[in-house]
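Take a look at these structures.
Note that chain A is present in both complexes that follow, paired respectively with chain B and with chain C.
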Partner chain A sequence: MKTRSAPPITPSAQFSTPTRWARTRYRHRHAIEAWTILTPILIYYTIFAVIPVLANIAISFTRWNGINVAPVWAGLENYTRYLKPPYPLIMFNTALFAVVVLLIQTVVAFFIALLLNEKLAGRGAYRALWYIPTLTSAAIMAQLVTVFIAPYGGVINNILQSLDRPPVVFTISGAWMRTVIIVFSIWRGVGGPVVLFLAALQSINPEVQEAAMVDGAAGWARIRSITLPLLRPMMVFVLVTGIIGAFQIFEPVQLISKGGPFNQTNVMLTQIYNDAFVNSNFGVATAGATIMGLILLASSYTVLRSMREEEG
Partner chain B sequence: MNVRKPLWLRITLHAILILGSIIMAYPLVFGAAASLNTQADFIRSPWFPTPLSPTLLNYRYLFFSADRFPIWIFNTLVRIVWFVILPATVAVLCGYVFGRLRFRGREAAFMFLLGSMLVPGIVYQVPLFVMLARWPLAGGNDLFGQGGSGFINRWPALLLPGIVNVYYIFLLRQTFTTIPADYEEAARLDGANTLQILTRVYLPMLVPVLMVLVIFQSVNLWNDYLWPLITVSANQSIWPVGLGLQRVMEGSVPVRGMQGFNQPFIFAVATVAILPTIVLFLFFQRYFVEGVQGFGVKG
Partner chain C sequence: MSTPRRWFNLITVSAMLSLLLAACGAAPSTAVNSTAAPAGAATTAPADAPTTAPAGAATTAPADAPTTAPADAGSSTDEPITLTVWAEGSLAPVTDGTTNDLLKLREYAKDEFEKQHPGVTVVLEDHGWDEVLRQNLTNALLSSTAPDVIVGENFFQAYAALDALVPLDQHLNDIKDNLIPGTYQAAVYNGKIYGLSAMTGVFGFERNCKVITDAGLDCDKPPVTWDDLLQLSKTITTQGAGNYYGYTLQGPVGFSVGGIFRVAVYLAQADAPMCKNSCTEPFFDNPKAVPVLQFLRELNQSTPPGLTFNADEGQVYTQLFQNKSAFQIAGSWHTKWAKDSGCPDCRYSTVPIPKGGKDASVIVGNVIYAVLSASKHPDLAAEWITFLQRDEFQDLVFPTIGRLPATRSALTKLRPAVGDADRAFIDVLLNSKDLQVLPQWPKNPQLVWTAYNDMLTKLFTTDTQVEQLMAEAQKAAVAATQ
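Here is the complex of A and B:
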């Protein structure tokens, strides 16, 4: 390691006759150091991140209980399962939740960020309040929701009882359960985009806004012609990460509605979990995971493309 | 824009923000208030469970009658320490390699690592479960991974995956590219080697970004649920706190002396599960904001 401590500009100055080996080592010192560090990390990464993805694709073409018997080649059988009930309904629910949650969450976050960007007393406290739900455990909060909607002794039915109204059994209504899951997901998901939009708004040069004001652009016109275009990169980021998050709703479905009633709230992630770890059908589960991965890649790509086209 | 807004506008803005904040905070405030009630008091005040005669009874049940509660806390802390030290080391090393060194294959290696961010978690989780269950010579398995249950329901399932975290590698590389090379060159002239430069020159400068890592890892591991559910759900004594407390709320883990559907107790458990992350946030708000922005703004 002598050569490394030599001055970087004239390495040969210290060594009257540097050996060929020493010179080679000096010339490649960055590469040697980089690959020494990277090799173990890349090996770990291959074992724990690359092989699982490849294995997921491989298992998806087999029939396998994941335990002892060897997997049996099944061709596209597991993928065609996704065309038969209840899988189309599950995919529809996943897309429905993703689109509704993403749209409402992004619009609400954008306007709340606009409000928080105004110079108002206590805006730090408001911002904190909007971000706190994001920090809560989805499993704990989902379990808490069951206390609110329980048919007997639940918070909402206690209120109805005090008003002499009959109790509502929310869990047997598909519309109610979908609403609960959507509201829950927005409640937990809106904080991140608020912080992101706020950061982007604060990085806009105030002079740009002032110039627009002088030109007579006010209110909505200013937002549409100045703020929104400047926020486009952040909008892309919020939408792409938002899609990935909204497609992976798990805890509220698993713990509040259990996919019910009659699969009306069941989503891909809970179905994959149940296919693998409850029904021991690893072929169908990995096929579902592959389909979900492809859908997410396609939708992220679409968002990126459409935002770029609008720009150009 | 130093024009002071008219009073009516300021009142309207505050009204919208206050209304929004009430909606956001309602379930949490409701839960915290309810947890201080006895069940009889709770049922008597359906709209809002104002703790008229506050009691810590429900917390006492959780702390002293849920036998494994302290172990779950301890398990979570072990995972936090492990998943701070190792991913931070990997991220600092990779940040240095990708942000400081020039070598052939750098972009390719970086893209190779970044690729995993496009893949949703479940695509790894099912095969990783199989891999851990079939790990050779572990948990009664033979050389070919048959016969036993491998690492399932054992500690390695909670510690092996997740050491290389690409998000933090990305964050650290961004940070390294913003640090001028002068510091490193000066230290090299003084004869420092790479390890010394990393620990003595760079590490002090990386403290803020490493704080982001510590805080995000702490919150994520405190709330971790799906992976422990998949891998260790049959072994209560190695559960992290998120899984354990959800099961206590569900009623599937018995608590001595607790019978039936006791809402104030469930709210107390939820409050204990949620409060630490909120306290952490209130103390380290600026790091949270930096962490959330880390990608959006710099990337």
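Here is the complex of A and C:
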């Protein structure tokens, strides 16, 4: 380290010798750059993510109406509420919708992407058609669904009536309303995964497919042996982001079924909203949000881990 | 990490935080300015409107009204005061240029109050109704941006219980006799009045004469008893042969109270309240309610198939205007709605009563204003509320927006000037000894109302004994309130 040892001080060198601050600045120039770039976003995340999450957890251990009384310590009371009716049913509904929607949506999206990847006339229009529901307001789409399933004068019942079939009162059937919520969620959410799968499909080298064809791999065998393995990273991404989205079903329940009948379509997100703003019970609402966060963490982690294990 | 580097990083972050906090610190002053700006703008905008709006009202207004008007709160200070009022649609800022009548009422209220309270600017804001309003109000309270005056219909007792509202009793000495108790009952807690209705409504009974005459019946003889109603509804449904039906019944949807509001009318007539202990606890297994629910189950047989479970309230009630149904319970706004919807011969009467029952109804579409404890100008806010009770304002309510005024004097004055249909509703408000309101559950109203709606769903879709359904509903409701 001789080269770094201080040179003898001469009158002319006194002015060129860096100050202590300048030396520190030079030594930490990368850190300065990093902090300068990162600090605004870190502050943003601290204010809008970290602090709210911590506050949410803190409030979940209190009794608080959110109006004018200070929160009162309640221990695990709000969490045990989730063991009493109707909360277990609400959690079951949430999990049911998440799993069914995620699985069907991913499979459907994959096959739609395969079809849209083929060279056919009007391909752009087909792609747009699948993505339009994702861009359209959930309120408008919910209104459309309501017109279809209205028990009296609805499109489906009018068709049934014209066929001399008895009307179906969808709104009083848990099975029907669950189906409506699932179909709506898939219809609205499938556009995103389709675009992702399509992008991944187009990044596959055509020569790989051609080589497989030369080797005699037919349609399904090619999909199973070539396409699916090459799409695995995208599959992981779609599943992880999809599971978060699938657990957060809100609009169709809020706008179409209102959680009914008999709470059979009520989900955690709508109940969190109702606990906070209808029941003025922020303790239970934040406990629900915390439970939901933990479920999402666990689900995402499980999916990621199982995918990695498969890769390993 | 070495110590100097750690210190350096710490200083950098602190500096950035300081800058950010400093920036945040400046925000309130600009925020105050920004709220003041539209207030000023609003005062200058509708300058000429009030001269025409209150003219008719002024001729009939009692002369002594202004003597109680001037506010000490408004005039005792030189500082300009902004009174923020969350208003229902009819008083809120109008964005649609075609609703000139709404504009008249709003501008009259705002301009006249400001004229009588120099230095005061009234800012009227629309933050929705029902669920949306509750959400916005909670957000405003959480963020300390709550208004001085709030509006609503069915949550005041819960807010009063939390000391979130200011009692108005001391401001009501001169006007209390002129108020109709049912209109402010929803805002009474522990014997104190926390809110007053600016405009109101009540349930009556509506019939479509075309459907009734098509079925070969006499429309001049409306059903008087429940038995009459059941019999006529069955006859009309049979005669209709799938083209029209006897009755429109709004059923349960989630925790919505739209259908429950109408059920409450029949319960009131049978003296079978759905709550007990000063209406703080559910009483869904009230034995007196058994015949009411049996009656509703039977009545549902005469409704258009599936309509009872239609989630769209508007679609449910317009079926009568479209000649698909003969009878329904109707709010007082139906008179105008029926005309606008093309029902030239829709008529109104009191709701049929059960054997041994009483004439009773339920207040609905009730626009109550109250003062928040968080208000910066509680006295002035209370004056705004009492200002809306004066004849000058109340006399404008019906001509401008077709809603019913909430004071005895305004209703009495209005009565001879309206047709039979509106007069029927005014008579209910003026004469009924038993005007009730829906219960306001102190805990988990969503879960309690869901329990009731679930009971109604089973009532209309199964043959399960009514008593059993009521017991199940009571169990679920009690669990929700514990």
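Criterion: the second predicted complex is superposed on the first by the 267 of 312 C-alpha atoms of A that agree within 3 Å, B and C clash if a C-alpha of one lies under 4 Å from a C-alpha of the other, contacts with A are read in each partner's own complex, and residues count from 1 in each chain.
Assume a contact is a pair of C-beta atoms (placed from the backbone, for glycine too) under 8 Å apart; a residue touches a chain by one contact, two chains touch by 3 or more.
Owing to the predicted nature of the structure, the values given are computational and were not obtained by experimental measurement.
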Winner by number of chain A residues touched, once chain B and chain C are compared: B
Touching partner for A:G66 - first (chain B), second (chain C), both, neither: both
First, second, both or neither for A:G174, with chain B first and chain C second: neither
Contacts of A:A200 with chain B and chain C, given as first, second, both or neither: first
First, second, both or neither for A:A31, with chain B first and chain C second: both
First, second, both or neither for A:T39, with chain B first and chain C second: second
Partner chain(s) touched by A:A276 [first = chain B, second = chain C, both, neither]: both
Partner chain(s) touched by A:I159 [first = chain B, second = chain C, both, neither]: first
Which of chain B and chain C A:F247 touches, first, second, both or neither: first
Contacts on chain A seen with chain B and repeated with chain C across the two complexes: 28, 31, 35, 42, 66-68, 150, 152-153, 276-277
Complex contact set, residues of chain B against chain A: 1, 5, 10, 13-14, 16-17, 20-21, 24-25, 27-28, 30-31, 43, 46-47, 90, 93-94, 96-97, 101-104, 106, 109, 112-113, 116, 118-124, 126-131, 133, 146, 160-164, 185, 188-189, 191-194, 219, 222-223, 225-226, 230, 242-243, 245-246, 249-250, 261, 263, 266-267, 270, 273-274, 277-278, 281-282, 285, 288-289, 292-293, 295-297, 299
Of all residues in chain A, those that touch chain C in their complex: 24, 28, 31-32, 35-36, 39-40, 42-43, 65-69, 84-86, 146, 150-153, 157, 167, 169, 171-172, 256-263, 274-281
Touching residues (chain side chain C, partner chain A) in the complex: 4-5, 8-9, 12-13, 16-17, 20, 131, 134-135, 138, 141-142, 158-159, 162-164, 252-256, 304-312, 315, 319, 373-374, 443-447, 450, 453-454, 457, 461, 476, 479
Residue numbers on chain A that touch chain B, as the complex places them: 1, 4-5, 7-8, 28, 30-31, 33-35, 37-38, 41-42, 44-45, 48-53, 55-56, 59, 66-68, 112, 115-116, 118, 120-121, 123-124, 126, 128-133, 135-141, 143-144, 147-148, 150, 152-153, 155, 158-159, 161-162, 187, 192, 195-196, 199-200, 203, 206, 209-210, 213, 234, 237-238, 241, 244, 247-248, 250-251, 255, 269, 272-273, 276-277, 282, 285-286, 289-290, 292-293, 296-297, 300
